[in-house]
């Protein structure tokens, strides 16, 4: 039952990191719900285009998100 | 930026467990993306009514989900 | 894999109709994808409050939706 | 076609404000797309329980959101 | 009003099958709600990248989904 | 807190119009909630493929949506 949907900007995370998102978020959920629900715990990643994510009305690009990740203010 | 949405059946998780979902899934995400993105990492829980979740066409109730959690087959 | 999410206004459909939504939409999906995917075909119903659904900027209530269903123009 | 979904914490906005959300966001969308698309522009509000919205791993309640609205830091 | 959203992994269904999803799921919904609501019954398909769909923490690719469809265990 | 998600068919709106969607819908929301909530008001655009949007069971393409915008009936 639990359905985890993760929305991110395209190209902020590579294939390996997306695999880590699926496995780590599922594990975190299973640590709360118990192993018996693992088989029906889904985690789906959905990507939006660079620039299509607004915070306070200002569009955030892939480059912006990566800059914040490296330590620059949003 | 990352937006984590968690859909569950109502009354499967209590208030404390829902807090744990928010904090543990966010921590799992931050462990991948880095601490600098924590401030713009959101985790929203959305509940659906008991019986409104179908797997293979069969409606799953709160009681069913709790039974699976306790070790009975779905 | 296929995830079917159905959003409706609260109290337009009763419990029995919601069961029918889950079973008929799943069957429709399975008729296209094949029986082997039935076990991982989910159908989740999510309800919004009466008045919280706007069409062209005009709020639609449960009563409005039922009136349209009975044959009055939206 | 455009579908606008607005997720908020329950009881932060009253009925009148929710009507304003539907009408003003639809008007904003129509100002970009043109009046001909108004009839197929939908705006749906979905509410989550107080405390079920996490920012940076910290749960936000209805009271917290109203406090931020009145000028206190989140 | 009813909004049907169908999430699938990219390239599991071709254009013709996606048309069938829209028409058959809408017909299934209309068989419950009545023909008068057909005009405001929407069905939107959203695709996620191969590998971005996790079940129990294991990423599912387009190839995996097609293999399950052909009769191999997930 | 408020999360605005806008779903559109791909290529109906260009980059500039998508920026306008983010800024105008956020401003409309802020005009109701107050400036103090602007910083945590998100607006995310999600695009679906041409033909993947059904109204009443009939698939709508990018060309169809643009035709409606120019004044032809849907």
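Quick notes on this one:
All chains are identified by letter, namely A, B, C, D, E and F, in their written order; residue positions are counted from 1 within each chain.
We take it that contacts are C-beta pairs under 8 Å (C-beta built on N, C-alpha and C of every residue); 3 or more make two chains touch, one makes a residue touch a chain.
Keep in mind that what you see is a predicted model, and the values were worked out from it rather than measured.
Here the chain-to-chain distance from chain A to chain E, counted in touching steps, is 1. Touching chain B and chain D together: C, F.
For A-E, the matching interface among the pairs B-D, A-C or B-F, defined by over half of the contact pairs being the same residue numbers, is B-D.
Taking shared numbers over all numbers used, the chain E to chain F interface scores under half, which places it in the different class. The most distant chain from chain D, with centres taken as the mean of CA atoms, is E. Note on chain placement: the centre of chain C and the centre of chain D lie 22 Å apart, centres being C-alpha means. As a whole-number value, the distance joining the C-alpha centres of chain B and chain E reads 22 Å.
Of all residues in chain B, those that touch two or more other chains are 3, 7, 27, 39-40, 42, 44, 46, 53, 55. Checking each pair of chains for touch leaves A-B, A-C, A-E, A-F, B-C, B-D, B-F, C-D, C-E, D-E, D-F, E-F.
Residues 3, 42, 44 of chain B touch chain F in their complex. Interface of chain B with chain D (complex): residues 15, 18-19, 22-23, 26-27, 30, 38-47. Against chain C, the residues of chain B that register as touching in their complex are 7, 46, 48-49, 51-59. Those residues of chain F lying in contact with chain D across their complex are 1-9, 12-13, 17, 20-21, 24-25, 27-29, 31-34, 36-37, 39-40, 53, 55, 60, 65, 68-71, 74.
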